[in-house]
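Paired with subunit B in one complex and with subunit C in the other, subunit A is shared by the two complexes that follow.
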Partner chain A sequence: MTAAREMPIASNGDVVLVRQYVRGVAVEMGLSLVDQTKVVTAASELARNALVYAGGGAVRVETVENGRRRGVRLTFSDEGPGIPDVDRAMTDGWSSGTGLGLGLSGSRRLVDEFDLESAPGKGTVVTVTKWGR
Partner chain B sequence: MSVDLPAGRRRIEQLLADHQDQLIKRWAQTAKASADELTEIYEALRSAIAGDDRDLTDVRGLLAELSRSRARRGFTPSDTARAVFGLKEAVYELVETDATPDTMRGFIWFSLLMDDLGLFTFETFATAREKIIIEQTEQLLELSTPVVAIWEGILAVPLVGTLDSARTQVVMEKLLQALVDTGAEHAVIDITGVPAVDTQVAQHLLKTIVAARLMGAECVISGIRPQIAHSIVTLGIEFGDIVTKATLADALAHALRRSGVLTTERKATRIAIRAEDA
Partner chain C sequence: MERVPILKIGDILIVSIQVDLEDQSVLTLQEDLAEAVVKHAARGVIIDISVVEIVDSFIGRMLATIAGMSRMLDAQTVVVGMRPAVAITLVELGLNLGGVRTALNLEKGIALLDHVRSAAR
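On to the complex of A and B.
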């Protein structure tokens, strides 16, 4: 099984690399094409949020197993300003900038498990898991 | 350098003046550069050394030029720095035959000066390479995203590969420009070759389509594959009243009908495909 990998998110180029790597791991874990694309899309959203709102961060990509099921888990962390009102940030269509405001809420729907922890002034950690069928 | 070494320095100045042709010839052999190019640098160096303020601006300027042209021609940075060190070697061969303490001291001074200049070329070379790489990346972006006229008045943009925001923006700007240049009233954006569409890419697409509308042109998106459709819907992105078609051919037919080229409705032989795991 692929070892966990920590990847930096410091530029748009890094976001692309993260996406490509996540795709590779999802394929290896036997996720369907639809599920691969979903987790890759979520990775794209969360990596870009870390880049845009926190000026960068990192992601840990690891594989997970639960009985016969295998999946991929992504932990995005940054040391940015944090999210003062998480409920509002998770609302469809809410953006503090000019985005569509669908990145966080949409990602939650794209994956099987979603966990967001944010402390104002300290940073944000988002952990998502997508399981194979 | 802290200590000034007038006598030694003068010896080197003298050597450089007396043996100019011989030194440049030797230098050109090790530096693999043309004698003309080197003569210019050599003379700038001589007058810099002779001047009281030892102003190296001209020498640096010429060396930067040398670095840049070499970076373009694919030389390595070491090759380029070595070209500068080559003069040191040539001078050393002369100094060897006249190894007085003054000359040796002068040579050490000269040698440090050349080391500095060598490092300077190394740095300018690196900067030049970076610039070239950035330029090439931009050119690649341009090349990899063609806007083609597939019919009179109908443009197509086949997007292939990972869409990062920079690339999407380049393509979309190119499309809008092409609409202006050609006066086309229809455009098809085909995303068959795109592995994932996130909110940012979707937003670029939407903005472009709205901008195109303001310019009097209609865009159709084609080639949304099942897995992409799933992700778009799950994310919650709405394409509103934007026309989407399964294939580029369908989109072309749509545009042809809209522009009045095709008048007959095609037989509706639609096959419903369930967007299950592809």
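On to the complex of A and C.
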């Protein structure tokens, strides 16, 4: 299995690289085309959030196994301002800026497991997992 | 940064997105298209996304913005060739492309523009 990889998110170009790498790992884990598309879309949203709201961060891309199931796990972390009201940020359509407010809430629907930890002033960690069927 | 070429056929502009675009390129395309619509007095814009593997909220917003902007400049936009996996993902993401006309392929997109224009006459 592919070793875990840590990738920087410091520019728009890095967001593209993250999308492409996640696609490759999802293919390798045998995810269906629809599931690949979902996890890559979630990765794009979460990487952009780290870039836009925290000025950058990193993602750890790893493969996971549970019995015969295989999947991909992504851990996005940044040391930005954090999210003061997580419930509000997770609401469809809520954006502190001019976004559509769908990145976090939409990503949660696109993956199987979603965990968000954030503390004001400390940063944000979002972990998502997508399993093959 | 990639710059997406804009083709002109009659009074229709055609854009085919061939590579995974970074956000800055998406914004540049939006501006280039607005200028091209005015410069060529285009009546229709077709955006071919048949090789695009994901549409996230950023690209989705671009499609809606281009549609709205060209409407204001007296042109119609049709997005063609969306992959089924992309459509499924967009719905689940919650993105509503309500104001954006779509067609299954380029040919149907051109036919749709012709239809819209003859109806408007």
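The rule is simple: the second predicted complex is superposed on the first by the 133 of 133 C-alpha atoms of A that agree within 3 Å, B and C clash if a C-alpha of one lies under 4 Å from a C-alpha of the other, contacts with A are read in each partner's own complex, and residues count from 1 in each chain.
By our rule, a residue touches a chain if its C-beta (ideal position, glycine included) is under 8 Å from a C-beta of that chain, and two chains touch if they have at least 3 such contacts.
Note that the coordinates shown come from a computational prediction; the quantities given were computed from them, not determined experimentally.
The superposed arrangement places subunit B and subunit C in clashing positions on subunit A. By the touch criterion stated above, A:Gln20 is placed in contact with subunit B and with subunit C alike. Touch criterion met: A:Glu45 reaches subunit B and subunit C at once. Residue contacts after overlaying the shared chain place A:Gly82 against neither subunit B nor subunit C.
Contact with neither subunit B nor subunit C is seen for A:Gly56 once the two complexes are overlaid on the shared chain. Of the two partner chains, subunit B and subunit C are each touched by A:Asn12. According to the touch criterion, the shared surface of subunit A, contacted by subunit B in one complex and subunit C in the other, consists of residues 12-13, 15-16, 19-20, 23, 33-34, 36-38, 40-41, 44-45, 48, 92, 99-100, 102-103, 105-107, 109-110. Note for the complex: subunit A touches subunit C at residues 12-13, 15-16, 19-20, 23, 33-34, 36-38, 40-41, 44-45, 48, 92, 99-100, 102-103, 105-107, 109-110. Contact residues of subunit B toward subunit A in the complex are 162, 164-166, 195-200, 202-203, 226-228, 230-231, 234-237, 276-278.
If you check the complex, the residues on subunit A that touch subunit B are 12-13, 15-16, 19-20, 23, 32-38, 40-41, 44-45, 48, 92, 99-100, 102-103, 105-107, 109-110.
Within the complex formed with subunit A, the residues of subunit C that make contact are 20-24, 53-58, 60-61, 83-86, 88-89, 92-95.
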